[in-house]
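First up is the structure itself, then whatever we jot down about it.
Note that the chains are named A, B and C in the order they appear, and that numbering of residues resets to 1 at the start of each chain.
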Amino acid sequence: MDLLIFQVPILMVQASLDGALLGILFALIAYGMALQWGVMNIINIAQGEMVILGGYIAYTMYVMGIHPAYGVIVSPIIMYFIGWLLYKLVINRVVDRDLFISILATFGISILTQQLMNFIFGADVVVAQSNFGTTLLFDDMVTLPNAKIFSALIGIIFAIGLVLYMKKSKLGRAIRATSQNARAAKILGIDTERVYAATFGINAALCGVAGALISITFTLHPYVGLPYTVRSFMIVIIAGLGNLPGVALSGMGLGVFEEFSDYILGTEFRIGSVFTLLVLILVYRRFRLSRKREYLE
Amino acid sequence: MKRNNLILYGALLVFGLLAPFLFPAFKLQISFMWILVILALTWDVQGGQMGYNTFGNILFFGIGMYICASTQIGLFFPLEEWTASGGEKTFLHTPSQYFLGLSAGLVLAGIVPVVVAALIGYGILGLRGHYFAICTLGLGIAAGELAGGIEIIGAGQGMTAPPWPKGIGDTEFRSEFFYFLTFITMLATFIFLRWAYQRRFGLVLNAIRDNEDKAEAMGIHTMRYKILGWMVSAFFVGIAGGLVGNMVGYIEPTEIAFAGATYGVFMILMAILGGKGTLWGPVIGAMVFHIFKEGFWTFFLGWQYVALGVLIVVIVIFFPEGIMGWLREKFPERFGEVVDEADRKAQVVLK
Amino acid sequence: MASILRVDKVSKYFGGVKANQDVSLSVGTGSIVGLIGPNGSGKTTLFNSIVGTHPIDRGAIEFDGREISTLPVPAVAKLGLLRTFQQTRIFGKVNCIQNMLISSNPTKENLITIFSKVPEELTEKAENLLKFVGLHQKRKLLAGDLSFGQQKLLELAMALMNEPKMLLLDEPTAGINPTLINGIIDRLITVNKEFGITLLVIEHNMRVIMNLAQEIYCLAHGEMLASGTPEEIKNDQRVLDAYLGAG
């Protein structure tokens, strides 16, 4: 337990800014999860692995001598096709089945992806250097790497772009119609199979963007995917499925929570505190609902 | 049918009792097979019989492991110095200390998880579907991460379990001793569950699986059954954890104790492979899985977990009813319920 | 006649939708009471409020002299107030006998009763009740394999197995082969007269409800529109308007 952060209040500013910028990336991933949860009623445990894979794509570019920031364009394109392929190979067989089957199947994909990434990219922690420099605030008391500001901006741009795409484009409208009522959409001539594949692809592409941004602001490692899955799950259940400002706010809230827990409990408890928070939030909601004689279902 | 069952039970019992002498080279492997049977059987109480798909039973495994080892050590020596000394054993158990410690440790490895299950059960088991699965997933991982930060049990470095005392037989005897402990624990688990499933307990678990709201509407306090079922699982899983800690000799938070990626997934996979919701399914699933794993694991040379991932996807997509489900469909007269065609077609008449 | 169930000015809103608004009714001990009303008039919502599926926003519900509007579902059922569902709810992957055994009501649920064997006479009672609803020959079938109508009958038998004081039936004849309807009316009267179970029945089939009930309540737009004997209800202009969509 380290209470330094309360003795030096400027650290709180630092932690809040760091957390909020990181939280925007969490929100982006959570938005992808909400999309496929709402449309296909699938919770993708491999969500985090897709993020990390997207990050490794940007990292590979960095190793090849290309600036990793271009990863935000390349990574989503590659990830879209990986997502689409994954849908055609596995997910289309579990869409309409027992909930647990889809959870377990994506859990299998998650283990598989971890291991493959471990083989291809090695088990070391890697970072793609962006050389964007840092910004100093408050008489140099708060340091902000420009890469974090860059990634938050890119994240916001992609989120707005996607929202507009969902509102205006034909496919976007088909996706929204399917999420409201898949059977009715089918009867009205929407090819739900194509909608599902596209949804899964769009989600993977979002993960690709977020991963590329994480590769320049944070670290990559084959086995840190699951925390991203859990973070996005948490954000979605706090904010609800269709509530975008809520997703952004709770994403940033979670980022700030994590930075504070980093300062107070130490980095070794960071993942532990995320998972503990998940359990606490779920149990808290369960008690609140049961007072209304309802269940979290 | 009754007689066939007796022969089956007898054959398995004889195999279990003679195995360490018939296949002395595989004693340890077969011991681990019994452990896996315990894990699959107890997972099935929630996942199969009750329809609550948990990723979190590994929590009790890890708690049992740490509690058992800590008791074994803490009863006679300062636990802090033991873990601080790491591999260097400055303390040695005498034979009587060792066995006293082991018995006390195993008893507590059963009881403490039961208490934990009772305490958190009301909160966790009130969740359903997705939420329950993800929450229990978080529970297991959180426990591992938190255990990795507790100094007295060795934090991330882990701790060693007490070594076998000098003067009581050789390592062969040690593995025979642990073999029979695991075999007896497995038998106790199987017999208890077989007994409990034939009681009202089993009926209501199935009712919760099929339609929990209806069960409540019929005046059943389902929560009691859910918590009780979890306590039963926690008890046997905890003891299994205590045994594994001693058999491996080394306890580490995320890879061995709260090993979500190995034992935690294995137990689900084995129960589904064998056929969830049946008594024999998890047993058969665990044995098949273990034989496959021990037989072929070495061929995969580092690709084991890739194979595991593929196996999970293939089994849940193409084989969700498991071996027992397949047998029931294929040989209904031997494994399933036979319904008279006339009964099926009969019209309802109300005069 | 003393009343076993008293619903007093109960209101239930879903967001802005008034599902029930100041609904009051009372059911006399040992009687059969009908509850009718057009689709969406709040009949099933009222049932859910009574047995505790969701909380009510205002009002009081008294069963057998006890306030029950804040009790959870199993506690209400344990007092002897049971309901059946419009869309049947049964335990699909176990057979009919087991469905019946699950439904029997142990007065206490402690370690001893949970881990005790199901008594022989309970199985016998289950078979007799299945005979009573005409499902005896199907007792070994998985309940999920029964047709919708058969599941409705099974659900009725399951409710009887529980030996309630009062039963709320949600459309007991919907989806049932019309040739069986007279048999069901007959059974329900037996349940009421010989088993001594008070009935509150939601029903769309007017012939059934007019033959069955001694008193009928009519809901429309979440409010109590009229109540009275079948004869009075039949001739009530407001009820006719509600059903024909005027008003």
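To be clear about the criterion, a residue touches a chain if its C-beta (ideal position, glycine included) is under 8 Å from a C-beta of that chain, and two chains touch if they have at least 3 such contacts.
Because the structure is a prediction, the values reported are computed rather than measured.
Peer 1: With centres defined by CA atoms only, which chain is the most remote from chain A?
Peer 2: When every chain centre is compared against chain A, the largest gap points to C.
Peer 1: Of all the chains, which has the CA centre nearest the overall CA centre?
Peer 2: Taking the mean of all protein C-alpha atoms as reference, the closest chain is B.
Peer 1: Starting from the mean Cα coordinates of chain A and chain B, work out the distance between those two points in Å.
Peer 2: The answer is 33 Å.
Peer 1: Could you tell me the distance, in whole angstrom, between the mean C-alpha positions of chain A and chain C?
Peer 2: Here the centre of chain C sits 47 Å away from the centre of chain A.
Peer 1: From the mean C-alpha coordinate of chain B to that of chain C, what's the distance rounded to whole Å?
Peer 2: Result: the chain centres lie 43 Å from each other.
Peer 1: Could you say which residues in chain C touch two or more other chains, in rising order?
Peer 2: Within chain C, the residues that touch at least two other chains are 72-73.
Peer 1: Residues of chain C touching chain B in their complex?
Peer 2: Residues 51, 72-74, 77-78, 82-83, 85, 89-95, 98, 101-103, 105-106, 109, 111, 113-118, 133-135, 137-138, 140-142, 144-145, 149-150, 153, 158-159, 162, 177, 180, 182-184, 186-187.
Peer 1: Residues of chain B touching chain A in their complex?
Peer 2: Listed in rising order, the residues are 53, 123-124, 126-131, 133-135, 137-139, 141-142, 145-146, 148-149, 156, 261, 265, 268, 272, 302-303, 305-306, 308-313, 316-317, 320.
Peer 1: Which part of chain A faces chain B closely enough to touch in the complex?
Peer 2: 43, 90, 93-94, 97-101, 103-105, 107-116, 119, 226, 230, 233, 237, 266, 268-269, 271-272, 275-276, 278-279, 282-283, 286-287, 290, 295-297
Peer 1: Would you mind writing out the residues of chain B in touch with chain C in their complex?
Peer 2: Of all residues in chain B, those touching chain C are 196, 198-201, 203-204, 206-207, 209-211, 213-222, 224-225, 228, 277, 337, 339-340, 342-344, 346, 348-351.
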